[in-house]
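After this come two complexes, each holding subunit A, first together with subunit B and then together with subunit C.
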Partner chain A sequence: MGAPVSDPGGGLPAPGHGVYDDSQWASTGDLPPRSRGVIALLEENCTACMLCARECPDWCIYISSHKEPVPTEPSGAGRGRPRVRNALDRFAIDFSLCMYCGICVEVCPYDALFWAPDFSYAERDIAGLTHERAQLREWVGTVPPPPAIDPGTGGR
Partner chain B sequence: MTPEALAAAARDRLPGARCESASGSVTLEVSPAGWRDALRCARDELDCDFFDWLTAVDEGERGFTVVVHVYSLAGRHHLLVRTQVSRSSPALASVTGIYRGADWHEREAHEMFGVVFDGHPNLAPLLLPEGFDGHPLRKDFVLAPRVDKEWPGGREPGEGEDRPARRRLRPPGIPEEWGPR
Partner chain C sequence: MVGWLSGARKPSPVAERRAEAVTGGWAAPRPPGRAGAAHDAGILIDLGEAHPSGHGMLRLRLRLEADRITYAEPVIGFMHRGAEKLFEVRDFRQIIMLANRHDWLGAFTSELGVALAAERLAGIDVPVRAVWARTLLAELNRILSHLAFLSSYPPEIAGRPGVTDAARSAFTARETIQAAMEEISGGRMHYMFTRIGGIKEDIPAGWAGRAQAAVASVRSHLPAIGTVVREDAVFRERTSGTGAISAGQVSQFGISGPAARASGVDFDLRRDEPYLAYPDLAGTLRVVTGSRGDCLARFECLLGQLEVSLDLADAAATGLARLPHGPVAARLPKVLKVPEGEVYVWIEGPLGLNGYYLVSRGGKTPWRLKLRTASFSNLQVLTEILVGARVSELVPILGSLFFVVGDVDR
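And now, the complex of A and B:
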């Protein structure tokens, strides 16, 4: 109580000062795998199939993409029709709407969405809670390895 | 008390109720007329002194289920008590005289589902702003954002913001007559 706020200019106080001190709370290292902190996007795996955006009950996933031709291999030139694939232009999750149900993570057939444990991404402006693809990609680095399979399951 | 013992005690004291015990939880289904008696019995005879929550479930044409969860601090057993009221006149006796903590829960169930709790001391809206029209947790309540927001899933794979969709996909669960799109 009464601790001086280090930055009266409006930015978040430095850690350990003021109301935003969260050092006493759990660090993400204490959390079990698949903790529902934030959703990470491995965009290399995303095919812009729209399944997550269509399943999302909160309508909080925004995807736009375009089709681009796949470069044909020299040996295969002239055979078959030209192939196209979807290239991602925008992938954003609005965490101000997200209810952390995880349906998008479950439904993704290409393993492009993951739960990451980070939870401290509060914003002063609600628009900041819409994480665009670059930010969603950064969360991938914090995704823990999946938990071990229970003994007696998953074996050959 | 074990769930089995609790279920047996409940059956013993409330012969008119339907009592189910499954997966460690006991559910007591009573008629609306027996609602207050069932909860008084739960508090006084089944030792469930802690009121946890009360809510309602929209069951469509079958009306609304009102559910209460109570707990025994000493015996560490818990009990779900539920009843069903009609859709045309969803009214039920208030249990605020038995569990004072039910006050706000009944106010919330009233504004969200339109269930009227007879005998409640002050059935005013709890969370909704004054003058709010409708009961938002009823399944037939039209969600305004579903009408005026474009469904993000309506876009086809490979489509950007600039190109309009060739065919408009209807969002799942949204009635046809809703909205401009």
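And now, the complex of A and C:
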């Protein structure tokens, strides 16, 4: 997150908390569940597989991870090779580059990415539009349940 | 600081001439007596037509005799992003994300063209449910595009009684359709809802009915929206007899869409080379044409087409609701490769003909994907129809050609 820009009017909220008050025009409550406002990350589900970052048409997803050994079961001592898994170090989406196409949400095989309807996260400083994992995790609370599907549709 | 920026050095006559050539001689003359350091100090930032804040604006170079235009040249390309080149390094799903941007009022049509081209070349059968849903979405998108051109009037018209109401009605009408589009796709402008083989997601329960209600609501606003074009004396006086395009010019410049039909060219791909579910909607589809080819005829054509699109959307929603159970997309491999070959697909977009020439060498990205956009061709006729017009006629002529600058420059 970049340093806040000095504000001549003063009294602006801290970056990352919606500089502009959009409440008078629209509320996210009126928006349909599929509305593509912001992308939420459920990091518990993320395996740092990098699929989303690779499929992103303009590469605005930043992921870094390291390998961690998985504790072996005591009963199987001496058998099998030691297992490792990916541990997430950084997951960030730069919403100043994002084209809001949703390919990342679509390709995630582990249900770690979701659309949420909130759109009021404008910033004075463009660096503030890069949402790090903690902020992306916060959006999870605002993810609506998917809409009911037309009974005539028979899936893909 | 670099010398030429600080203004310490007097620019050579050659440099001055070059600067004039770059600006087309439009640069304001340097105020006499202010050529000193204070005037030239610091870095000059040009907020000209190439600046991103001016996106969507058209630059015209005109030569005048009094207020009569003797020469007109549209200067285009400031929003050129090389979309066709970018397509070559993206798979077909990523291309849909890019292709729906250049005509920001007709995003769904642009998505559709790419998908139809890839499907035709790969021999993919699209499930009937997706075909009808696509037809409905294409017509809803056409309504949105037409309403955008019927909702913005120049200030001297906008303040007149009835006109403000008309513009407000058109905006309200757009909002209801946009709500339906957002409910199914999640987007208000860039829907990203088409996929090769069908549509992205299942249709929400009851959506077709809500889309139909939105169409009915737009229909209830139609009388108010049409007042300006049908009744307003000043609007009709300023648009009739001006900016006339002949049928000859239509074929000469490749003009299409409402701008061509207003000149009596009776051509509409939805009827003449039907795709999607249009063969089944032939009874509903009427091709609206004019004869005079002037600005007013183009607006009347657009208004007539809006009504037809409302009928088509209504019929498509009814058709969609009657379909048997079934999928909304074909089953395809995760990595889609389009077999070697080439195909040209053209469809009737809101602004005219959209063409997609796809060449594949069997990869997951196209070897070449050439776009033919209506705005680009329609705009070229300005070089002829502006000559002889007065400066005051610029506004009706530009407003009635129905182009989107991103669709010109792409």
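Everything below uses one rule, namely that the second predicted complex is superposed on the first by the 131 of 156 C-alpha atoms of A that agree within 3 Å, B and C clash if a C-alpha of one lies under 4 Å from a C-alpha of the other, contacts with A are read in each partner's own complex, and residues count from 1 in each chain.
Everything that follows uses one rule, which is that a contact is a pair of C-beta atoms (placed from the backbone, for glycine too) under 8 Å apart; a residue touches a chain by one contact, two chains touch by 3 or more.
Everything numeric in this text was worked out from a predicted model, so none of it was measured.
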| item | value |
| --- | --- |
| Subunit B versus subunit C as contact partner of A:89, first or second or both or neither | first |
| Subunit B versus subunit C as contact partner of A:66, first or second or both or neither | first |
| Subunit B versus subunit C as contact partner of A:103, first or second or both or neither | second |
| First, second, both or neither for A:50, with subunit B first and subunit C second | first |
| Subunit A positions touched by subunit B in one structure and by subunit C in the second | 55 |
| Sites on subunit C touched by subunit A in the complex | 90, 93-94, 96-98, 101, 129, 179, 182-187, 190, 192, 198, 200-208, 321, 323-329, 331 |
| Residue numbers on subunit B that touch subunit A, as the complex places them | 145-146, 149, 151-153, 155-161, 169, 171-172 |
| Complex contact set, residues of subunit A against subunit B | 47-50, 53-56, 59-67, 84, 86, 89-90 |
| Touching residues (chain side subunit A, partner subunit C) in the complex | 31-32, 34-36, 55, 57, 99-103, 106, 115, 147-156 |
